[in-house]
Amino acid sequence: MTNTPIRSPLSASAVAGLKKRYRSESLYRRLGLGAICASLGFLAFLLASILQQGGGAFFKTEIRFDITAEAQMDAEGDAFILLRTTLRNSLQGANTRAARRQAYALAGADAEEQLQAILNGTQSTGATPGDPMPFSIWLSASDEVDFAVKSGLVNLMETDAQNIGQTRLTTTQLNWLAKLESDGEIRTPFNLGFLTNGDSRDAERAGLGGAIMGSLFTLMLCFVTSFFVGVMAAVYLEEFAPKNLFTAFLEVNINNLASVPSIIFGLLGLAIFLNMFGMPRSSSLVGGMVLALMTLPTVIIASRVSLQSVPPSIREAALALGATRIQAVFHHVVPLALPGMLTGAILGMARALGETAPLLMIGMVAFIADPPSSVLDPAAALPVQVFLWSDSPERAFAEKTSGAILVLILFLILMNGAAIMLRKKFEKKW
Amino acid sequence: MSLKLVALSLALAAPNAASYAADKQIRVVGSSTVYPFSTVVAERFGRTTKYRTPIVESTGTGGGFKLFCAGTGTDTPSVSNASRAIKSSEVKLCAKNGVATIIEVKVGYDGIVMANARQSAQFALSTRDIFLALADKIPGPDGTLVKNTNRTWKDVNRALPNAKIEVLGPPPTSGTRDAFVELAMEAGCKSFADIKALKKTNKKKYKQICHSIREDSAFIEAGENDNLIVQRLRANPDALGIFGFSFLDQNSDTVKAATINGVAATFSNISDGSYPISRPLFFYAKAEHVGKMPGLSEFVTEFISDKASGEEGYLSERGLIPMSASERQDLNGKVRLALSK
Amino acid sequence: MPNHHIVQAFDAELETLDALIAQMGFMAQKQQEKALNCFLAHDKEAAKKVRDDDEKLDACERHINAHATQIFARRQPVAADLRTVVASFKIAGDLERIGDHAKNMAKRTKRVGDIPILAEVSGSLRKISRLVETMISDVIKAFTSRDAGLALAVLDQDEAVDLLHKCLISDLLSHMKTDTASIAAGTEILFAVKNIERIGDHATNIAEQVYYIVTGRQADEGDGAA
Amino acid sequence: MVNPMNLQSHSPMPTGITGFPIAAGASTEVAQNIRITAKDVSVSYGDLRALKSIDLDIAENRVTALIGPSGCGKSTFLRCINRMNDLIPSCQVSGEIKLSGHDIYGPEVDVEVLRRHVGMVFQKPNPFPKTIYDNVAYGPRIHGLAGSKGELDAIVEKSLKRAGLFDEVKDRLDRLGTSLSGGQQQRLCIARAIAIEPEVILMDEPCSALDPIATAKIEELIDELKQRYTIVIVTHSMQQAARVSDYTAYFHLGELVERGDTNRIFTSPQHAKTEAYISGRIG
């Protein structure tokens, strides 16, 4: 407020009315700001909770063990024996049968493979293969150990950790872990395998590699199919089709299709691609085509809007120079509409990326351990992986599920970002 | 334009795809209850043999048989998991499509538990209690059927705690729900002589009484996801949840199971059949695919091997209740015989 | 044709122009009338007043020119409006000339004096002057009412003026031949008659302008011209 | 009267006031070649009759302005001359329009060829969002007018020069056409139109989006262009019609009310409707 005495030429009631208007204006502004803050808050909460739950999925717990030459000699090249011997020897008090089983349970499902790789000489330790020589190695820990280490339960062993129901590990196991941790033999490095491995029922081994590949193949196919078919359909409808009852009918149907539940497209794909054409079940080929069917109306609608936004003056300019309709459309209108079309297609892709329901129908919701190497291979997809993992009894998959959601969100952000970039970069002023 | 070429070649490749793809990879469909076990075996099998990892799809028992019985082509599933024995109608459907010989393999048992949060009171239920608590209609004081108005467990049975009846269970589409209704509800239902008599005279009415679950807030359908039920139990100490034994096994640190008819839901009790709510799990293999599908008989063998479904097998770690040694031996012989034909 | 412009200020400006011209016409006609009266009555005082009043007429012309120029600058008139504005310059010029001739005649008052010859022609002089005064007032009426017929009628009257003028001149000449003493005064009268005749010509000019304003054609083009 | 067969002869153009070539009863007629003849042209959009039986001749190497209130049909008539109305499905054209003696609605006429001979400049400058060079070169490219890159360069340079734009843009032919100022854009559009060497240039309110300076440049350009081309211009600005055109035709509610020498139309129009319109009276 200013102190300079400016005399208002307005009457007292007009001044009061003005004040009221200012008040309501600032109220609306505050309401708007409040709405933004609220939605940002929800988003932040969602992201934070997923991050908090899933952040751990990107790290894995590893325990360092010293492999003695003696143990290697005894194992005679069998990693299974070597692992058990090592565990038995490294952990104090693992001499009863029950205690030994508890010791074995600390190692992860892939620890044996890690050792085998070294024994076979496919991975280097500095020593020549087959030559018994003591070395130390970081072996992956089991999912229960992973959970306990990440939630900091290892140090709780003095208090009654087990009774408060936080971990399924026994006090003996917790004691071992506490010792190992105090000796610096436990670390949690970045888990690259989470992004490269295929699916597995062992949480410490399970990764998104297959799902990412599957999603990429599926989306690539979906994009190629829906974009070309969609753009051509949009160009025809917008530029060449006569405006009659039939095209109006088509338009209504396309708009309807855009809001048809996605599972219907799955049923359609099942009936057409699998049963009629006999395409391979669970493959990204069929997944891509089904998602393309689903995305097609969106792409057509976005492309038409984009074509409509090209000013008619550009068409007229070309036609007035003696260009044919085809020339006018493909030399001028389509190139100008392309960024908008691409944006629409990418947004459609982003929706397709998050779809599970239609894939259920065509068998992509399945346990598929081997990452696909072509569009014809059986493949899973990212949202499917989330769905499958969330339904797994093993608790360690809860973390994996959130991790997979994070990766999915990252992909969505990348795609939507690309759409915005495209729009900004090619934004035209007429 | 190179993209156009890609599209074109893809379009051309599609019709030929069927012959190339499904390329000798074993496909497993069926029950979501067997799915966790089937996938573990599949993964091991893929890892330890030269064959590709079988694809395991969770379609539900009925859906699995539909796919399984669709024909004998290599693009049809070779194995269908089931949380119940195959029905005669399904056998007929299979036969109609040329699937004449089906190898039935029992893999073990699954117990269904009613559990609550670890810090809550321990429940000791009878099947009769379960029926009285969850049925839509129950016999009234004068013996006629009345709408179930029991609000607390104490209303059902004086010995039970004075807690609100609040049970989280699977929806009607689920196999677990079917099993629960058949094994727990019907057993409790039959404990009333009048109703049991009805089974002979009016089977339809009998089924309607025994199989209907009340639709008020006492029973909450919590979806197919058993993890969700476990989570909700942790948050709500009053509630009980219905789910498979494997989830209890994996979450034994947070939830505990009620005893049913005095029997605790433990590994051994389910295994020896004394726990009342347990059912056998199966898978069915297509004999026509043996020899045609590389690795099929090896996969079946792996599944029934001691290492997998034996007493100390890795499936037991996942919550599968193994069969008794003698039962296993019988089955092993039968399956090997069928495979060698 | 509708009479009103969409822009009302334009109408007002054109009306002002019309009013100014009508007023100037009235003033010019009065000057002519007064000039003749003082000439015949050799009223030197009145003659001086006529001479002084001519300055007002000049101012009026300047005012009209300025106003018309403004209309050009601001309204870019076309068609009838254009013709009106263009013609008003000329009409104002002609009216100013009429004023000059009246002043000229008034100047001669002191040189003529009370002479017999004047008495003899004063009747004819009054007659021709009356005729010219009517022409002026008619043409202004034709202008304000946009009456092409009246304008043509004014044009026709010019011949009557010319005829009277010729008769007057020959009368005067024959007087001067017989009475050589009257030559000096007669010459003055001769010039006055010429003045009146010239005023008639200017009225004719104005009539032509009025005809052009109304029809878009020159009066001598005839009706069929495009 | 003019002999329509004699269209190709170029007689030196007399200057000064001339009568409209075939105006009924015109007396002071100077022989003038007619490039376009419209006879009994009617246009309807569905049930709406936009033009009613128009007879109008357009003189070669002259600027003919079409004026009239909005919706009077002047743009519709303009768009009949290069058949841009074909694009509107409901548009029906009847009657006959001849360009150099050939019926442009004849069955053997390709509209693309027609439009190569009848160029058009639009109300809003609408350069393609491409480079200045490509804007001008587009027409010659699609019509195959240049055999080599060098020829094409020459055409582009010549067209830009004729449009009076070359000196302003010669150092930045690779810049976007849309980056120019409004007036430059419109001159670029004119350069684009004349790059295919049309006989007639149609201009649909070419200055309505421009400031007075840019407008003056375009008007100056029109004056130069009429040496080579026959120009038909639709304009809302009476002053512009008066400034640039040799002949003016006044349309009112789909009818051709009056046509004639621009000098005459703006000093003494024959028709009361014309007078009312051009002098800004309520009509």
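Residue numbering begins at 1 within each chain, and the chains themselves are lettered A, B, C and D in the order written.
One rule holds in what follows: a contact is a pair of C-beta atoms (placed from the backbone, for glycine too) under 8 Å apart; a residue touches a chain by one contact, two chains touch by 3 or more.
Note that this is a predicted model, so its numbers are computed, not measured.
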| item | value |
| --- | --- |
| Distance-to-centre winner among chains (Cα means, whole assembly as reference) | A |
| Interface ranked first by C-beta contact pairs | A-B |
| Chain centre separation in whole Å, for subunit D relative to subunit B (CA means) | 83 |
| Subunit A-subunit C separation of Cα centroids, rounded to whole Å | 101 |
| Separation of subunit C from subunit D, taking each centre as the mean of its C-alpha atoms, in whole Å | 50 |
| Inter-chain centre distance, subunit B versus subunit C - centres from mean C-alpha coordinates, in Å | 123 |
| Contact graph of the chains (line, ring, star, complete, other) | line |
| Interchain pairs in contact, sorted by label | A-B, A-D, C-D |
| List of subunit D residues in touch with subunit A within their complex | 82, 84, 87, 89, 112-116, 119-120, 122, 124, 126-129, 138-139, 142-143, 178, 189, 192-193, 196 |
| Of subunit C, residues touching subunit D in the complex | 1-7, 10, 76-83, 215-217, 225-226 |
| Footprint of subunit D on subunit A - complex, ascending | 242-243, 311, 313-314, 316-324, 327, 331-332, 336, 428-430 |
| In the complex with subunit C, residue positions of subunit D that touch it | 19, 23, 25-28, 238-239, 242, 264, 266-269, 272, 274-276, 278-283 |
| Of all residues in subunit A, those that touch subunit B in their complex | 162, 165-168, 200-202, 221, 224-225, 228, 277-283, 285, 289, 363, 365-370, 375-378, 390-395, 398 |
